[in-house]
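Going in written order, the chains are labelled A, B, C and D, and every chain counts its residues from 1.
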Amino acid sequence: MPKINMVQAINLALSQEMEKDDSVVVLGEDVGVDGGVFRVTDGLIDRFGPERVIDTPLAESGIAGFSIGMALYGLKPVCEMQFSGFSYFAMHQMESHAARLRWRSGGRFSVPMVLRAPYGGGVRALEHHSESREAYWAHTPGLKTVIPSSPRNARALLVSAIRDPDPVIFYEPKALYRAFREDVPDEEETLPIGKSQIVREGKDVTLISYGASMRPVLEAASELSARHGIEAEVIDLLTVSPMDDELFTGSARKTGRVVVVHEAPRSFGPGAEIVARLVEKSFLFLEAPVRRVTGFDIVIPLYQRETEYLPGPERILKAVRETLDF
Amino acid sequence: MPRKAINLTCKVEYLSILDETGKLDKKLDPSIPDDLLLRLYRAMLLARRFDERMLVLQRQGKIGTFAPIKGQEAQVGAAAVLEPGDWLVPSFREMPSELWRGKSMESVLFTYGGYNEGGYIPEGINNLPVSIPVGSQTLHAVGLGYAMKYRGDKSVAMVFFGDGATSEGDFHEAMNFAAVFRTPTVFMCQNNHWAISVPRSRQSHSKTLAQKALAYDMPGIQLDGNDVLAVYAGAKEAVDRARSGGGPTLIELVTYRMSMHTTADDPKKYRSEKEVEEWEKRDPIVRFEKYLRGRNLLTDAGVEEMDEDVRNEVREAEERWLEQIGKGVDPLDMFDHAYAEMPPSLRAQKEELERELSEKKR
Amino acid sequence: MPKINMVQAINLALSQEMEKDDSVVVLGEDVGVDGGVFRVTDGLIDRFGPERVIDTPLAESGIAGFSIGMALYGLKPVCEMQFSGFSYFAMHQMESHAARLRWRSGGRFSVPMVLRAPYGGGVRALEHHSESREAYWAHTPGLKTVIPSSPRNARALLVSAIRDPDPVIFYEPKALYRAFREDVPDEEETLPIGKSQIVREGKDVTLISYGASMRPVLEAASELSARHGIEAEVIDLLTVSPMDDELFTGSARKTGRVVVVHEAPRSFGPGAEIVARLVEKSFLFLEAPVRRVTGFDIVIPLYQRETEYLPGPERILKAVRETLDF
Amino acid sequence: MPRKAINLTCKVEYLSILDETGKLDKKLDPSIPDDLLLRLYRAMLLARRFDERMLVLQRQGKIGTFAPIKGQEAQVGAAAVLEPGDWLVPSFREMPSELWRGKSMESVLFTYGGYNEGGYIPEGINNLPVSIPVGSQTLHAVGLGYAMKYRGDKSVAMVFFGDGATSEGDFHEAMNFAAVFRTPTVFMCQNNHWAISVPRSRQSHSKTLAQKALAYDMPGIQLDGNDVLAVYAGAKEAVDRARSGGGPTLIELVTYRMSMHTTADDPKKYRSEKEVEEWEKRDPIVRFEKYLRGRNLLTDAGVEEMDEDVRNEVREAEERWLEQIGKGVDPLDMFDHAYAEMPPSLRAQKEELERELSEKKR
């Protein structure tokens, strides 16, 4: 098994699915000749040609609506929003059509598309290039919102997303694109959409997160164990919506203490939904208030102040300590 | 290099074949077979009668808000050009075209009656469901067109939208994508002169809507939208071009919304009776009928019989619809078709409603 | 004090503010000659002329972006999205510019605009005409999201929104437009943005809601009192974001039992944020899980099934009983 | 009515005044005073040197990703037409115009260096901050224009955007609003032939971008964007028209992005060296310099002195910037300017961060 980074893993998922199924097409701004601004689609145009790896004009609503049309005809478009910060241009297409055409047509039509977008901070980028607004999509009925956290699960989730009969928003934590490598088998691998994973077992506290924040969370968990003998159970949502609350409410019933971590602004963010589900399903087991360690309710600052904005290991540790001390 | 004129192709034509008195311009006759002419007439009449009937149903509170199509029946000339394998991408004022392509009147009643059942379109009929967000559906027709080309299918996607829709960014993006990818897409703009209360002249500063094609070096043409022969001829040219790989076309159908925007609207607030009367003289059905009578394809008796026939068809559809809704609806259906497979948390919500409803019954 | 309905109350707010301040302009689709599809802007064009009551072309992003430009020049545009279901077309303008220009310019510029939009179900409308997606806006840093629940508070809040130096999303519960009349003083009245209100005092349970759902909530509260002797404290958020959690966490500390009600889909909806704040601030006082009575995580159905979708008094009563019985 | 051509105004011209060798077309000379010519030259040189310096700083890791403007310096010809009361609405490749209008180089360094401080523009300078979402800022210039008219101010808003931006729906909506409301807006499209890796020819099917004005019956013109005299003359015509109530204009500046899209981009992946070399021959600074030398407004010594002077100015700005950032930043500033008045729940978050930071220090 070759060790590859997330960019390569996503590329692998795309190329293998394109190989297997000629209904899979890739499109977006600069995804073809250039291979994508992050090189995620590198080489695809050479292998599959410009009809299947489509450099589109610069228009996000156009890309989404065009993809919807293709999907209605039976193709499986995987479109890219160059940065998630520009995906709001396509919000109405996704909310009003992609998410609804199955329902609107009483099951006659479907929109098996994937909308990929790099999201999140940590890469010293310009304004609009570091946001986390997955909650917009998560709150939209008819969509599924998936966020990987490693090369291997990125590859497997993307394969599942492409094969999913419904529209999937696939947010890629760009801070993890080249952050580390992992063994990714060449053979087919999928991961069920709608399922979370326990990535570290523990009994003292439950840490719930996803995507880019999994790194600081796991760092904090190691530190808790190594330095303080505290064993955190770490849950990676993988799918943000529809949310798999079985796993994390189960874990909370065991540990009684929960900290939720994400980069998105706190208020009305995914963490709120996690807390609500915990209250609904494991209320009697909660021994301390659930803490949210998140981005603040402001525009993510330009990169000199970004580190303080993002939920890093120290903030997580502090929240865990306070939760345990409660 | 001096200040010099750039040489651009700027041709935008206007086509009308039947004048308001039903007189044919022979040079332009698209030579439609007689039986098709009669089918077109009948389709227009059916649409008119159904529209009238829905207005009654709406006023009786049997259906909710709906968008009358009165005056825009000649659009069927465009739908008639399509093959079954082609796709129709309607907005909300294409009931005549949708029926032509096989959608049932019941399904229209379902939709306007507040039942989601109306969205279902039987397998084999390539109509998209009605799209309400103005202009947004244009992009779908471009994607469909791309996919047809990609699959090597010699099909065409025809998308309808209003004059108001040309102001939306999506219209522009769709035109641009279609031109860049040369998709087999026919953009059918029903310029009915009003977008609710906003007249065409204040929707865009341009003299015509057809000329918007110039921004994309795409063929654009303006048709007399109340002349079914012109609509047919213009659409045929565009569909043929698209089918043979010639790319997209923008067609502006110059027509008129003779009725209110929707039943929630009162056009007296913003337009004069006189304007409406002027356009009533150009009624597409009257004009076409005159022509067909002139050619002896229709007689007094024939018109009466056809009208009777069409009214029966409407009544029967209404009865079938009433029967179907008479069986009642299961509110739990609202969870159907949200996803191909219902996610667990949604199932839990459905069960929650189920419990609530059963408690309520008790 | 004349008794007027919410449509008239909003109209009053607009006309009085326009009278006072010539920087206030009203714009949108059909707001001028037609007076708005709900007649909210009726008569304004006659009083203030077409330069100040502007019938725009049919383009929501256009309307929002155009308003931003006006606001940057010092005007106070009050733009209308004909239905909130079409406001997503303007999402990127609001997220990327309206919400950020003060921040982006280090305080040099501001965008004192109001984006009005009728939202919610209950009026037998067509698809896209009944949604509640206020959470999109509420999750967007830099915006304020305000939702009135009666003619009087609609008028006062809108005046405050117009005078607010920052962009305000003003969602109007269209089900309440003509549902009832209230005394609305002709004299100036404002309501602070960012403050909630206790609209009914009680000691047994706290009901938190806003906008259109206030009606069934108050109905349920009356019924609880009349039939069961249960005194519900009812809180009207009025401002959804930035959220005033002082008031409702205080109430929860008193009652220990809370039910949250809104029309928006449950998951990732405003209710989740309320639960999260309750857990953060009144954890030890909660005697039962907080219940969410909300729209379901699906597209709101066409009107024949709408009643069952919307949170009505019966669903609220059931949730309250279960909360009390916990 | 027969099939008939619709009579449309279809004039789109191309204007170039200085050819690639610096030769002037006398008939078209905009007769710019000598001192303004020299100021324009200096502004172009300053922008070039600052751009070069930023590339060095970026490669040294002192600033982050930035968008070089090399080759597009003649844009200052357009900015130079504006009065202080007019508004400049830039995208991210208008550093030369922004500096011309009084923005400081430090503030540019702040932005690209990752400090929000760069967004602040001193009172009295009517530049909007850089807008990154492509095309979206065009609407702001239309709103500004409307407000100017509404206030009776005889001002103009000039908005810059790229060739790629013409594909966005917002561009279309802005053009339409501007034409409908006849706002004093000048649309300045910098067609630098590339939108990252997508060439102009695949961005739009139209022969020119200027012709997109035809869709709105708005004047449109194509200018040699590497000829500062043409840029000045064309912009002046448009600004004068706008100021005198004549409404908006679309200007296409035909230019070239001689450098990478941003420092994160490798143009070798998608374009040939040869193409770049071709355009290097049309370098706007070289050409203008030749012309000025020909007119004896510049000499060898003069050029050298000015270059020295400009380099000093860049160095001094950099030094001031370094000094300012040397003082360190307070991360708590990130909460500033989110709202005019900080809401309580945001204040609580700020305090939370404050506690965390102070604990960390300890």
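Operating definition for what follows: a contact is a pair of C-beta atoms (placed from the backbone, for glycine too) under 8 Å apart; a residue touches a chain by one contact, two chains touch by 3 or more.
Here the structure is a predicted model, which is why all the values come from computation and not from measurement.
Trainee: Among all other chains, pick the one whose mean CA position is farthest from the mean CA position of subunit B.
Mentor: D
Trainee: Return the chain pair with more inter-chain C-beta contacts, choosing between B-C and C-D.
Mentor: C-D
Trainee: Counting only Cα atoms for the centres, state how far subunit B is from subunit C in Å.
Mentor: It comes to 35 Å between the two C-alpha centres.
Trainee: Please work out the Cα centroid separation of subunit A and subunit C, and write it as a whole number of Å.
Mentor: 30
Trainee: Distance-wise, how many Å sit between the C-alpha centres of subunit C and subunit D, to the nearest whole number?
Mentor: Averaging C-alpha atoms per chain gives centres 40 Å apart.
Trainee: Distance between subunit B and subunit D based on Cα centroids, please, to the nearest Å.
Mentor: Roughly 43 Å separates the two chain centres.
Trainee: If I count partner chains per residue in subunit C, which residues reach a count of at least 2?
Mentor: 57, 59, 61-62, 85-86, 89, 92, 96, 103-104, 127-128, 141-142, 242-243, 267, 296-299
Trainee: By residue number and range, which residues of subunit D touch two or more other chains?
Mentor: In subunit D, residues 116, 133, 167-170, 173, 176, 180, 202-204, 338, 345-346 touch at least two other chains, as defined above.
Trainee: Going by the contact rule set out above, which residues of subunit B touch subunit D in the complex?
Mentor: Within the complex, subunit B contacts subunit D at residues 1-6, 8, 10-16, 19, 25, 27-28, 167-173, 176, 179-180, 182, 202-208, 210-212, 214-218, 222, 224.
Trainee: Quick check on the complex: what are the subunit B residues that touch subunit A?
Mentor: Its residues touching subunit A are 87, 116-117, 119-123, 128-129, 131, 133, 136-148, 150-151, 157, 169-170, 173-174, 176-177, 180-181, 336-341, 343-346.
Trainee: Flag every residue of subunit D that touches subunit A in the complex, lowest number first.
Mentor: 64-65, 92, 111-116, 118, 132-135, 164-165, 167-169, 195-198, 202-204, 264-265, 269-270, 329, 331, 333-335, 338, 345-346, 349-350, 353, 356-357, 359-360
Trainee: Help me check something: in the complex, which residues belonging to subunit A touch subunit B?
Mentor: Residue list for subunit A touching subunit B: 25, 51-52, 54, 56-57, 59, 61-62, 64-75, 77, 92-93, 96-97, 101-110, 141-142, 144, 164-166, 194, 242-246.
Trainee: Can you check the complex and tell me which residues of subunit A touch subunit D?
Mentor: Those in contact with subunit D are residues 29-30, 32-35, 37, 55, 57-59, 61-62, 85-86, 89, 124-128, 266-267, 296-299, 301-309, 314-315, 318.
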